[in-house]
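Order of writing sets the chain letters: A, B, C and D. Residues in each chain are counted from 1.
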Amino acid sequence: MIEYSYIIAFLPLLSYLLIVFFFSKNNKVAHTVSITAILASFVLSVIVFFEVLANHGPHIFEYEWISMPGFELPLSLYIDPLAAVMLLVVTIVSSCVHIYSVGYMHGDPRYPRFFSFLSLFSFSMLGLVISGTFFGTFIFWELVGLTSYLLIGFWFEKKVAADAGKKAFVTTKIGDLGFLAGLLILSAAAGTFNYSEVYHLIENNQIPVIFITAAGILMFCGAIGKSAQFPLHVWLPDAMEGPTPVSALIHAATMVAAGVYLTARIMSIIVVSHSAAITIAYIGGITALLAASIGLVQNDIKRVLAYSTVSQLGYMILALGCGGYTAGTFHLMTHAFFKALLFLGAGSVIHAVHTNDIQFMGGLSKKMPITSKTFFIASLSIAGIFPLSGFWSKDEIFATILHEGHWFLLVLAVLVAGMTAFYMFRLCFLTFTGKPRDEHAYEHAHESPNTMTYPLIFLAILAVCAGWVGIPWLHHGYASFVYFHHPHHPEPNFALMIIGTIVALAGIYLAYLMYYKRAIDPVKMAERFKPVYTFLFNKWYFDELYMGTVIRFTYWFMEVLFRFDQVVIDGFVNFCGKFGLFNSRIWMTFDVYVVDGAVNGAGYITRWFAGGLRRIQSGAVQNYAFVIFLGVVLLILFRMM
Amino acid sequence: MATLDHYLILSAILFCIGIFGLLTRRNAIGVLMSIELMFNSANINFIAFSKFITPEALTGQIFAVFVITVAAAEAAVGLAIVVLMYRNFDIVNVDNINFMKW
Amino acid sequence: MDFPILTYMIFIPLVGMVVVMTMRKEAHNAIRYTSSFFSLVVFVLSCILAIQYDSSIPDMQFVENVSWIPSLGINYFLGVDGISVPMLFLTGLLSFISIVASFGITNRVKEYFAFFLLLEVGMIGVFCALDFFLFYIFWEIMLVPMYFLIGVWGGPRKEYAAIKFFLYTLFGSVLMLVGIIALYFYAEPHTLNMMELIRRNSTYGYTFQLIVFAAFYVGFAIKVPAWPFHTWLPDAHVEAPTAVSVILAGVLLKMGTYGLMRISYPMFPEAAVYYSIPVALIGMIAIIYGAFVSMAQKDLKKLVAYSSVSHMGYCMLGLAALTTAGWAGCMYQMFSHGVLTGALFLLVGVLYDRAHTREIAAFGGIGAKVPLFTGIFVLFGMGSLGLPGLSGFVAEFMTFIGAFNSGYVYQWIVIVSILGVVLTAGYILRMVQNVFLGPLNTRWEGLTEINGRELFTVIPLAVLTILLGVWPKPLVSMISVSIDNIVKMITG
Amino acid sequence: MELPIFYILAAIIIVSALFVVTLRNIFHSALMLILCFFGVAGLYVTLHADFLAAVQVLIYVGAVTILMIFAVMLTQQLTGRKIQQLNDQPLPAALIILSLLILLIVSITRTGFEIADNLEPMPTVGTIGKAFMTTYVLPFEIVSVVLLVALIGAIVIARRE
């Protein structure tokens, strides 16, 4: 099966084409086709997974794509344990989201189109995962960007949604510039894009470190864009304008994790180049802290989750930067499940109360028991409470950082863990407990239909159990499957586990005090730390900063260039024309400056002479004859001289 | 004995008189007459050359016959034009006919 | 092959023109169908040519060589290689499509189609001619119908645009003519045979090469149009009728790059190496500059026109690289840009026919009203911004790789040029957003969906752009051997 | 003997030609033209061109001049038309003519012609007739066609609609 694993990606593509060309009017058929395709992909992924479990590979299959003398650009499949795990994660989350969307998108006028886009996204994402060359990765990288754009702007009548789509596309595209530049450097330094060949060259020290570092950091820029890392994190919160299933699938579980996946794919570079590793680790750490701090004070349920996503992605990047191939990808997997669950839960809430603002929620646990329970489970998981999946993956990350000896980053990571616990439970308490703050919304709230709750339950199970594959005492299940070079089994560090748990519990307790017990008044807290609060509430003013600098500069520069084009270049052209015209009028002579100057000049001379000569044209034949004979006389005279 | 030069000079004089008429006569028929004079001067030349330079071949005389023929044709067409002109415009003066003017 | 297919391709439109001219003035439909029939025949011939072409041989194929004016050594010399065949195919396709797209013309129908067919004669001739005299004749033949097509059937400032186009390109042609004459007299024995002149390229002196290359370069760069010779383009595009814009962007611009590939580079290899940095810089400036200026546009057509400047910058960059990949990228970009921009102009024309305005700000939210049109437009927009899976991406990527790995171009030039990708994304998305997304402007409640004939004109282009993006192999293998041959000859 | 005859004929020709171009009455001019043609015919005789002399009298005097007189009578009243018969350029014309004449005479006298030895008179009619039917048959036929065309042309032009 493994050599046909491209079928996994092409099934959703087929579904996309079917919906676009044949079922664009039929809701039922559209979602059936789409869900069937993704479920089939899921089944195939499971098969592939077990095959890889038996033989780690990597399994490589190459296909000719562009081939000409002196230049080859093949595409290939590269199935290794990481790809196998990613395939499972993507198909599982995608299937859940597909099914969930049946309920969530019910009644939307562009319902078939939504499913077609979901299929297209699944295709791109799966293609990204199985692609075996950096070039192929780049292709699908861009395609997921496109589908992200299309889905964020799905309700494009809303201006904010359309804006958010554009912002997402352009911002990630800036990161992709780095990716593209990295590819170019790679092509110059290695002459190939194939994962295996590049790894081989790097490990045998056949590429100078400077090139490796440059290529690594530049390609990581792509990851910065796609995974919404500092300083390109600004698009992800805005992307929440898209339909919630999309947020869950693309902007929480899979696409944004593609950056992490890519970073994992350039692990050989990180291992070789110390500076690249440090850069990556610090960007991850900064992002984790930055996003978590903003998440503390946001009021939009999806935005809080979005910042949480950014923060968690920062964790993964941090881990990878510290060489934690296993830890980073492990967290990627667990995070995919619980964050998808959180988003789908949030979607369920929004579906019920028709608002995103947690200030108008409260007490919903009575009305929405399944949603609230699963949401709590996911929150516990992300906070890192034993024995849920988040605990194990987070612990693995801490252990990796400690192993590398980055004490500063370790402290930072632990701090972020506390903040994560706090803002997640702030969200939980404000949404599901206490008194309803908007009676009207509360009255109309109801539990979501089965198509929405079943995926929640399924994901909740995964949020609890998915981490168990990585329990150190169970033969290091995950670590001995997904590893870099050699399986790496650090001894379980109880001190770290206890510290992590204590910090998480502290965060939860603080949230409990402030938003459940109301022992500490959050409003007063905000008043007391007003400058900090405002700063965080305004997201560190990143949007304003970019608006004021980069974008403003771009707009200013484009106007300047356009003026330049109009005034200087075109002005010069027009001036040439006018000057030529002027010249030919005044002097009636050759005009070398205009193209037709010679022609015009000849014309003008002729006319000028004619103006004089036409007086001779009396029309009287005898005058002409007179001139003729005058000429004859002159000729003879001339001849005789 | 009249020499070739005599004939040529006479012919030149006749030719010049013809040109003078051509240039100055207002009447179209007068112009045509002047042209006939010029033809005649040319014929004198032909025949004189024929007589003095190629007496056996008679080429000049033969050409003179052609000239006379063409002159007759010219006179016929020219006079027809004059008549037509007179009928249509009621004039026979060439200096009044300046439609070719700019 | 005995059948002189190239001659047929050149002269069938001419026959068509004569036939159209003999038709009754009022028989609009008959004229339309007759001219589309003739262009369809040419298109079919170009397909046959593309199929019959043997891409494994770098030499000229389907050669026809007849002595024409022996005293000057001028031959009627036609032939095609991997560079011309795709261009001929593109010409055949776009001409046919443009003629079908011109059915809406109601003013002086007969003259319009006659001129159009004459234009096609010139275009096909340029891509086939291998004798300088012939080449120049066809090159100039195109100017005349183009001038009238813009000047008679154009928009409000058509006279200005037409004259600007004519003078500007004529200026270029004059420089080219100077180059041709210089070559003619420099070569011993005097010849106008391009293949022969290329064969002797090692005998040209260094200084001679530098000067004549520059003359040819400016001549072709005006046609491309390369920065800073581009300002005729926006005016001409904005004023020209839709179909003429399509031909202008799709085929005429390619003649500049085609000329560079066919004449300038192979004939003056040392100059080509000498000038590779300036040419690459011009390409870089065009990419960035064109993108920025596009972003500032308020008129849809002008935006697309400036985007052409930016896109043709990639061609320049690829050419300067002097690598097989760079040249293939350039060639691919020529083809892909012809398809994409042609389609964009068609679509802008469709919108203009309905809305009678091209002001971007006047629209808004029409995506909900005309979903099919929007889908197609976004498809081509995405192709234009270099989305993988569509033709533009393959071209850009090959260009970048080729230029980056070339020994002749500074690598920072390529890195800066990459910025163009994000700028392109910026202006395309801005345009898409302002026209199609957001709340529906109530003014366009009555906007109607794209109709069958218009779909018929854009669907082949859509298929082509996807096909080229997903499966580049056919086109690449068609061009690669010829290109490799030329590049090897230049770089030695 | 020949010289006096030549001078007399020359005087007749020149004087009558001058009258032709200067007389106010166009009818008188036509009469003077006849006289001039006779003079030319006489000159031909002195040049031993008997055939030509006959043709001159027949065609010029008998046909062309008569045609002219017809035209004159068709186009204007014969009596009492005292109009200006010269245009406004007689003086410059005369100057040109005089200089032309001087130039011609100078060049005639300067040129040395190769005069043939045998200047004896001989009959010409037979020789001319043979030449027309042999060597010059094609020009001869063409000239007759020209005449025919001129004839038809004249009729067509002058015909009343």
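Throughout what follows, contacts are C-beta pairs under 8 Å (C-beta built on N, C-alpha and C of every residue); 3 or more make two chains touch, one makes a residue touch a chain.
Being a predicted model, the structure only gives us computed values, none of them experimental.
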Chains contacting each of subunit C and subunit D, listed by label: A
Cα-centroid distance, subunit A relative to subunit B, in whole angstrom: 101
Subunit A-subunit C separation of Cα centroids, rounded to whole Å: 34
Distance between the centres, which are taken as Cα means, of subunit C and subunit B, whole angstrom: 68
Separation of mean Cα positions, subunit D and subunit B [Å, integer]: 6
Two or more partner chains touched - positions in subunit B: 19, 23-24, 94-95
Set of subunit D residues in contact with two or more other chains: 87, 89, 93, 96-97, 100
Sites on subunit A at which at least two other chains make contact: 620, 622, 626, 629
All chain pairs that touch each other: A-B, A-C, A-D, B-D
Subunit B contact footprint on subunit D (complex, rising order): 2-3, 6, 10, 13-14, 17-18, 20-21, 26, 29-30, 33, 36-37, 40, 43-44, 46-49, 51-52, 55-56, 59-60, 63-64, 67-68, 70-72, 74-76, 84-90, 93-94, 96-98, 100-101, 104-105, 108-109, 113-116, 118-120, 122, 124, 127-128, 131-132, 136, 139, 143, 146-147, 149-151, 153-155, 157-158, 160
Interface residues, subunit A side, partner subunit C - complex: 64-71, 73, 135, 138-140, 142-143, 146, 149, 153, 156-159, 162-163, 165-166, 169-170, 173-174, 176-177, 180-181, 184-185, 187-188, 554-555, 557-559, 561-562, 565, 569-570, 573, 577, 594-596
Subunit A contact footprint on subunit D (complex, rising order): 87, 89, 92-93, 96-97, 99-100, 103, 106-107
Subunit A partner contacts - residues on subunit B that touch it in the complex: 19, 22-24, 31, 94-95, 97-102
Subunit A residues within the subunit D interface of the complex: 620, 622-623, 626, 629-630, 632-633, 636-637, 640
